[in-house]
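Shared chain: chain A. Partners: chain B in the first complex, chain C in the second.
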Partner chain A sequence: MNYKTMPKCYKNSSKPHFFCPGCGHAMILKQLGSTIDELKISAEVVFGIDIGCSLLAWDFFDFDTIQTHHGRVIPVMIGVKKANPKKVAVAYMGDGGGYAIGLQSLIHAAYRDDPVVAILVNNTNYAMTGGQMAPTTFPGEITTTSSSGKKSSGFGNYLDGLKLLSSVADQSAYLERVSVSNPRQIVSAFKKAFETSDKNHFSFIEILSICPTNWKTDAADSFEFLKNMEDKFPVQKYPLGE
Partner chain B sequence: MKKFISGNDAAVQGALASGAQAMYGYPITPSTEILQIWSEEADKNDRLIFLQTEDETTAGFAVNGSVLMGVKAFTATSGPGTVLMQDGLSMAENLRLPTVTIVMQRGGPSTGQVNYSQQELNLAVFGGNGEGLRIVYSAGTPQEMYDFTLEAFDSAWRYKFPTLVLGDGYIGKQKTEVELKHPLNPYQNSSLLAGKNLRNCYSSEEQFYEYLSKNILDFEEKSSLIARSESIGPKNAPELIVAHGSVFFVIREALKVIDPKSKKYQLFRPVTLRPFPKQDLKVAARGKKKIWFFESSYGQLYHLVSAELDAASVSAKIIKVFKPAYRFLPEDIADSLKGGK
Partner chain C sequence: MNILIAGEGGQGIQTIAETLAYAAFLSGLDSSYLPSFGVEQRGTPSVAYVTISGEKSFGYHFKFADIAVILRERAIPKVSELVNPRTTVIFDSSTIDRSKIPSHFKELLGIPATRLAQEKIQPKVFNVVVLGAMSKLIFDLDKKYLWQALEHYLGKKFLKNELLRDQNTLALDLGYEFIFERHDYSKPIYKTKTSKIVDDSEGKISTVYPTLCKGCKICLLKCPVKAISMSTDIGFFGNPVPKIDNKKCILCHNCSTFCPDTAIMVEKS
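Moving on to the complex of A and B:
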């Protein structure tokens, strides 16, 4: 592997990583690593990860990392940040961890304006357990728990977490949705999030991501699916308050 | 220095004297004053960290986060809160995080009964998905809420196991004189995450088994240093009474009247429910004709030790006086002892 093109904060001994071929996580973590390198904050970062595919990042980087439990990365990182406010607390989760089992904590962190950098990777399914329906799954989408397509009646439409958080977050918070189709935008969102954390406010970046394994898509179809996601989940900064 | 305070207040004073810096919690009777009093302390002192979380799950995990940074942190709860904290305790158990959890027991599910019980022993000792690698103290008075909270912080950081102090609603709400001794050498704390990647996810049974076995071995090795009991009355008495927490003290009072010359009964309590002072109990049980178990649960203490008594070939008649989620008064003890043939 040509490590010259890889972020310096990568832990080389854990590469090649364990994510599936074509997984969006690897692309996102690379942008996160590059941003942390560029800002020279790897000594300050405490990286917390949730359960789901995100857990495979437990030894991805050379900085302090704690893999937590499902839906609990936000609470742990709140404890980290409160105990040591000089640290940059990054909470990394999937859409199941953030929008289902851990939603209560995510909403309250936004509401209290806890100075954590929350990063949520949305691939519209529970990928680690084999592709079950999530709150982000679209009506009609086939998953292993919606084999004839998700029915919006009884199972919900699709949850727009950013819209939800923007209604409770403090004016000083930073909320943005980006997509793996645009890595530069991911980096700029990360920078804005770290700036916000520096000013002691909550930031949240949702990243629309691809999951070829569970979507059962090839490269072209994966990005086709992503385009559909970008239509339904607007890729934009979220205005706060009235 | 002596102060006239409640058991809940005593727990806070114990935490402060131990150098605790952070407390996360959620209101729940009968432990709520711990949250309230800590919040008042934090108002007066910028060094102290306080957050009233959205639920007990978050409180437990936030404690884990602060402890990872090397800050002494704790939470306090009861009943359904103790249930919700098990996931965080399992994380702490496996990652060897020295968290402190104060549990003031109440009865039944949800708001079943918010006064008192000894029904949270199983939860405190073996409540998580793991092997119960925890230290659990059972306090019986407001004084012990102070003393055992001091001891809990010391043991947690010294041995790196999550530590619980089990009290109950009567102890929490009761006001009495409490001697606020200072700990001799508060155990020094430091970051547990610096330079590390920590996890609770393993790629294979082999990998996890190897890791867990080390923790179990370490717990077993430390057990003799941690396990503690107390016994009053003659060691050669014909009958042994076993109880823990506040029930122990009710029986102690009753025996002053029932057995004033202290001839018939030896009274034994485990101070630590986990690790359990097995050896002490075996010695106390030796040669006894009768062994009484008094508890405000349906035998949670008895079930914790019955295998040990069997293993020690104790032939005594076992008499169980179980009153799940119900108090004992000294006269109840006298009635039971008189009635038990």
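Moving on to the complex of A and C:
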């Protein structure tokens, strides 16, 4: 069946996709697909996906996709880029892969200014395994492993990864945080990231996303929660004031 | 007594099975509950095995069900292996066509739970309607125990939203008072659509793909003029799909921008 609603680089035969109803991942991938369509770079893109909910993007697009070990998507995509500099390397991960197990890879890629487009989807929990507590979980937030709310003492506050990266990243790297409450801003961030990658610099986009299944919220409550997230993780670009 | 409840993830199958087992336990009977589902996702088959008996019972997968409750057409293949001529089959007559039910059963009872819930209360409580009707049939259980069990599992949700408590009370009563259809089954008014739904009027063409829609209702939330509502057509994932009122639509494209499943769009004709 031919769906005229889909971006052209979507693989029609693998739809409907595996994401839950109302998943933020699917919204972000749709914006990514339409950006790639608009820039006409689908032949050049190599798409790397991490373990976690992001791996459900396997077989999602009609271009080369690599599934890597947990937290190792950025090093693998750097390898792809080094082997074939004409390719555009896109590393797609969740907050578990990027801010927990794969944090050192992310920090070093930002510090070395490797020409990779890193996209990190933050939904404040480990969604694929059933919504466990993550470094990005807020104090007081209820997850499967923090049933009475996360306690700051012993588990820490929440990790602002963008702030962390901004202090180590190279001057010419592009860092931005956007939210799924504004899809058009996501598109413009992706365009800027691909532009940066063309100039052989590192670009990192963190996207605040919704997870209705593990937050146990409906559509309205999910976006309410997202608003709360946007207060804690401000939507902004680095360096500030640019 | 072996009870099998089959449906789809997201319908609340496991909730009612657990509640039923706990209510039986509270009333002094011995009960066990065993869930069986694949990936934790809406739209995948979900089956629950409940055993209730006066004697000591142990949890296990049984070979034949005394009562089989079917709440979604796609769950039928999974159920039919466990249905034998001594089984009483209960089905949701407002979504499942009677002819699709396996033919070897003792008795076939219909309850138009989806329609009852949608018309009288709200669509999501349909599982509690089934629970009420089922427990009345099975062991004429005192409603007190049933409510106590429901409170035990849903109490936290009730505290968050007081309206839910009233709705669930209503649903339980509705199910409890319901007399099963034995011959004149309701028509399955909720039809599963497989082709796209196109509406070409008022100078706009609206398209909805029921094979893609997962019923997250983000389009309803993001529509600035409230032109989208849920229709009686059922999509691939067993959820009602959205319907666009072309007259109200202002072509802002918010629905197609936000839709995670690329299932909806409106364009100028």
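The rule is simple: the second predicted complex is superposed on the first by the 237 of 242 C-alpha atoms of A that agree within 3 Å, B and C clash if a C-alpha of one lies under 4 Å from a C-alpha of the other, contacts with A are read in each partner's own complex, and residues count from 1 in each chain.
Please note the rule applied: a residue touches a chain if its C-beta (ideal position, glycine included) is under 8 Å from a C-beta of that chain, and two chains touch if they have at least 3 such contacts.
Being a predicted model, the structure only gives us computed values, none of them experimental.
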Check: So, on chain A, is it clash or fit between chain B and chain C?
Finding: fit
Checklist line | Computed vertex angle (chain A) for partners chain B and chain C, CA, steps of 10° | finding: 110
Notebook entry, point to check: Between chain B (first) and chain C (second), which does A:41 come into contact with in this model arrangement: first, second, both, or neither?
Noted result: neither
Margin query: If we overlay the two complexes on their shared chain A, which of chain B and chain C does A:23 touch? Say first, second, both or neither.
Written below: second
Next item on the list: Give one of first, second, both or neither to describe whether A:219 is in contact with chain B, with chain C, with both, or with none.
Entry: second
Notebook entry, point to check: In the superposed arrangement, does A:134 touch chain B (first), chain C (second), both or neither?
Noted result: neither
Next item on the list: Kindly classify A:10 by the partners it touches after superposition: chain B alone (first), chain C alone (second), both, or neither?
Entry: second
Item checked: Where chain B and chain C come nearest after superposition, their Cα distance in Å -> 9
Note to self: Counting contacts the way the document defines them, which residues of chain A are shared by the two interfaces, the one with chain B and the one with chain C?
What the structure shows: none
Checklist line | In the complex with chain A, residue positions of chain B that touch it | finding: 21-22, 24, 49, 51, 53-55, 57-71, 73, 87-88, 90-91, 191, 193-201
Notebook entry, point to check: What residues of chain C sit close enough to touch chain A in their complex?
Noted result: 10, 40-43, 207, 209, 211-212, 214-218, 220-221, 236-237, 239, 256-265
Next item on the list: Write out the stretch or stretches of chain A touching chain C in their complex.
Entry: 1, 3-7, 10, 15-27, 30, 130, 183-184, 212-213, 218-220, 223
Note to self: Under the stated contact criterion, what part of chain A meets chain B in this complex?
What the structure shows: 11, 46, 48, 51, 55, 58-59, 61, 64-69, 72, 74-84, 87, 104-105, 107-108
